[in-house]
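One chain, subunit A, appears in both complexes that follow, with subunit B as partner in the first and subunit C in the second.
Up next, the complex of A and B:
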């Protein structure tokens, strides 16, 4: 019997999966544990337990202000991405025109560019046309990098749908607006939800673009966290990371409860 | 000029999105005549800036100073992008970027008639950034060590190299990805071992001797982790950061300025051209002796006004700038890329 029997291979694969999860999760676990340390500095193992670093998050006003800005920017960029991206997908995904592929590739191109280049170039361009360092500039540049996620997922869903659904509705007398509202939109909703989730998370965690558009009123959370880390050594950032992780888990649970994660996985 | 705030933006929703697509002319809110935007690093730095500089400025002028958090490359890029209408009125810069801003003509000249407190700042510190700014705060790159594990620390760079090369210690030194490494490590060690800006062979020979007993840090927190985890016993690090760790409860850490003198790493203050003239009043507060004394007390770093008298707690911690080695920032900037290239080829970490 070969040494590479099915049992042996299954055991090896299972071990690999376990090791992979340990490799992925161990650093996160260390951050979570450190966020509860009683020490005034980051060290592992921790000497004792305390919640004071979580209290420190709320005591340092820039963290709260920046978190509000980050949420507003992520929501704004996601809404704008959907407003621009969904109509574009509806046209491009089924178009047979030669230029449709080119336009689609163009809309997806921010994914293949380093974000720091997009941020730096956008800063100079938007300053030149008078938008400059502002909340508007932040939303516009975030939309540029969020748009591909909406396009990719919505186009993937829409291209896979048979045209017969919309044709049937039209034959039965529905005008284009009613066809969109009652037939197309429900069918592409998993793509919109999945794209919006990716878009929100991409914007919320973005540093390379936000870095160039930060000002006293437009600092996002990653920019403030980086600036804090440069000159502060306490475990507040670990506590903040744990809090963000908790928020992400709660968001996923809520989405799962009201919509179902499994439905989103059919997108793209 | 149309002004838009973020809440207005969100409440506009889709209509504004359509407006954007139509090319609606949106402009950032410019600071009002009685409001300036100043800069600071985050955390305790920002709190010190608000307490020591912003509060006295606002009390004296009745104007408002908003604090923008971030870092020098970000602020320099923002000023470069809008030199006629800079989004920040006061810059906090590393010396190399301060020189870049000065040479690019982005910042104003510093003179005593605009800044009376400049008279109390040593001329060398102002000249180091071509008199288009001045240094108001500094740290020293020296030897930080775990005093529980290193009872007899090396007193000089030369001794540091010999004992690390002999395997007596594992040392943590800054990697080339850290912006200040060319100054605090390459130049400082080359100079201490008989080299110069034009001859850094002694440094690279020393690194070759020590290579089996080195770990590298790419951010200051890495260094502390190396020492606290026992991965290294000592290393090249800053005095102020060492004392901040000490005050946070890591009382096992200590610092010494090498006999040859550690490299001075200053923080420059500059005013962009076309910035609000009120920035001069703010910068004058930054250079004020009383304000700097309070700033040093919070930050554990040296300050530059000659009238400053440090407290008994702080005095033993602060290395007078005359006992440091003053880096030729401009000359180093000219050969910096060459050093980085050589580091990548010979050290590669």
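Up next, the complex of A and C:
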């Protein structure tokens, strides 16, 4: 009896997990399929295959302009977040002071705040100090949500490293700058790469902040996609989404090729 | 001279390293929020006023919106716990060599954009989408396609879809550290499978549920892309801020609503820190 019921429960559990992944993957897979449709409208199943919606992306000028803005903002916010964030990690990850913990909590706190509030509040504040709706404003506001990802990932990697390498280098006569450049930096590089990847993807997919800084020259890709979706419902958005997913997968594979996903998940 | 290096490194105020990050967030994260708070209490003639908060906390429309925001987040959180727990349990206890695949399938959707996932739900439930095609052509249950989009159920499903991986990972992390022998001891001592689960495993994994619940609740509370596109007639604070900014342009009111959202977020952060501290102890 008990053997029978155990089997029954395990089967039910496995079936539930399979259903769960059907639920998780279905909305994504249908978009990928629809992006290859030959129909002029959104329908599933699709009547035939075609690449015309991918061509359509490049026919709609705002998509291309916005994609360039999005890439520039994501790269800019990520590089600056590393420049500002990595030094902070060097101190905080090794500090035993009680206040270091508080500072860390504060540096990570933007992740817990509703992004729409950050975006709305920043628009008025940045306008007041003369930055207003501009490329600079986009970079600065994106940095607010990118910086915590870099800090969390790099600090996680650095805290797990033994102090002995740096100590040995220092004892052997290297000055702090050389210790950093030749010992610390190579050791924390996986953390910086992983943190940068999270940061890039966060910025690239951001809508609630970018929305408030929208203008002809500062529209990011999600903003243009949202306004397109509010007026049209055709497979171009599917093609664009598939392209974006492909980019994310390639980025992840490149990072995996160089550093290994294992190190990344440990870092995350 | 060279031997002084480590001593010099200690003496040179290494805490200066945190100054750029700290300063950046104080200026571009804290000040905008303070500025926003001040705007919410600024009257037309430069005087202080609490009128907007009085409206928010007494007017039946705004009270309903706040209530609906919290209710939606709580509902989504509850569904995530109910769906996420069995998956986390499977991942930690049953998956074996499939664990890598399960983790991959959990993380993969996080690579897709929020627009893609929302669009996916629209495709599934569109007039000529998968569900209507199944109902009309394959099964013949109904004669004409249903208007399925713009229903609150789909909006909730889409939110759960975005947030449930966080819940699974949070529960799995804690479940991993629960000693299996405790469960087995309970069974040896005569507890049935269910009793061992309800009285040993579940209570011991409560911290994971707590961590996941706070995280999911926090993100659900601030989400608005899903609701803008899938609608369903649900009115929440983020949606209202978006509308006030777009159409009514009542920035003072939008600021006050932002502050309410912020207070809820800070409260969640406080709970999260207490939980983390307890786990550390």
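Criterion: the second predicted complex is superposed on the first by the 242 of 268 C-alpha atoms of A that agree within 3 Å, B and C clash if a C-alpha of one lies under 4 Å from a C-alpha of the other, contacts with A are read in each partner's own complex, and residues count from 1 in each chain.
Convention: contacts are C-beta pairs under 8 Å (C-beta built on N, C-alpha and C of every residue); 3 or more make two chains touch, one makes a residue touch a chain.
Because the structure is predicted, anything quoted here is derived from the model rather than measured.
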| item | value |
| --- | --- |
| Overlay on subunit A: subunit C relative to subunit B, clash or fit | clash |
| First (subunit B), second (subunit C), both or neither touched by A:229 | both |
| Partner chain in contact with A:69 - subunit B first, subunit C second, else both or neither | first |
| First (subunit B), second (subunit C), both or neither touched by A:212 | both |
| Partner chain in contact with A:140 - subunit B first, subunit C second, else both or neither | both |
| First (subunit B), second (subunit C), both or neither touched by A:59 | neither |
| Touched partner set for A:40, first subunit B, second subunit C, both or neither | first |
| Which of subunit B and subunit C A:84 touches, first, second, both or neither | both |
| Which partner reaches more residues of subunit A (counting touched residues only), subunit B or subunit C | C |
| Contacts of A:253 with subunit B and subunit C, given as first, second, both or neither | neither |
| Which superposed partner A:15 touches (first subunit B, second subunit C, both, neither) | neither |
| Interface residues of subunit A shared between complexes with subunit B and subunit C | 41-44, 83-84, 120, 124, 128, 140, 211-212, 225-226, 229-230, 233 |
| Touching residues (chain side subunit A, partner subunit C) in the complex | 2, 5-6, 9-10, 13-14, 16-17, 20-21, 23-28, 30-31, 34, 41-45, 83-85, 87-88, 90-92, 95, 103, 105-107, 109-110, 112-118, 120-122, 124-126, 128, 140-141, 143-144, 147, 151, 167, 170-171, 173-176, 179, 201, 204-205, 207-208, 211-212, 222, 225-226, 229-230, 233, 237-238, 241-242, 244-245, 248-249, 252, 265 |
| Touch list for subunit C against partner subunit A, complex | 2-3, 5-6, 8-9, 12, 14-15, 17-18, 20-22, 24-25, 28-29, 31-33, 35-36, 39, 83, 86-87, 89-90, 94, 102-103, 105-106, 109, 111-117, 119-124, 126, 128-130, 133, 158, 161, 164-165, 193, 218, 221-222, 224-225, 228-229, 238, 241-242, 245, 251, 254-255, 258, 261-262, 265, 268-269, 272-273 |
| Residues of subunit A that touch subunit B when the two form their complex | 39-44, 60, 62, 69, 72-73, 75-76, 79-80, 83-84, 120, 123-124, 127-128, 130-137, 139-140, 211-212, 214-219, 223-234 |
| Residues of subunit B defined as touching subunit A within the complex | 4-6, 9-10, 13-14, 17, 20-21, 25-29, 37, 41-46, 66-71, 74, 77-78, 80-82, 85, 87-88, 219-221, 224-225, 228-229, 241, 244-245, 248-250 |
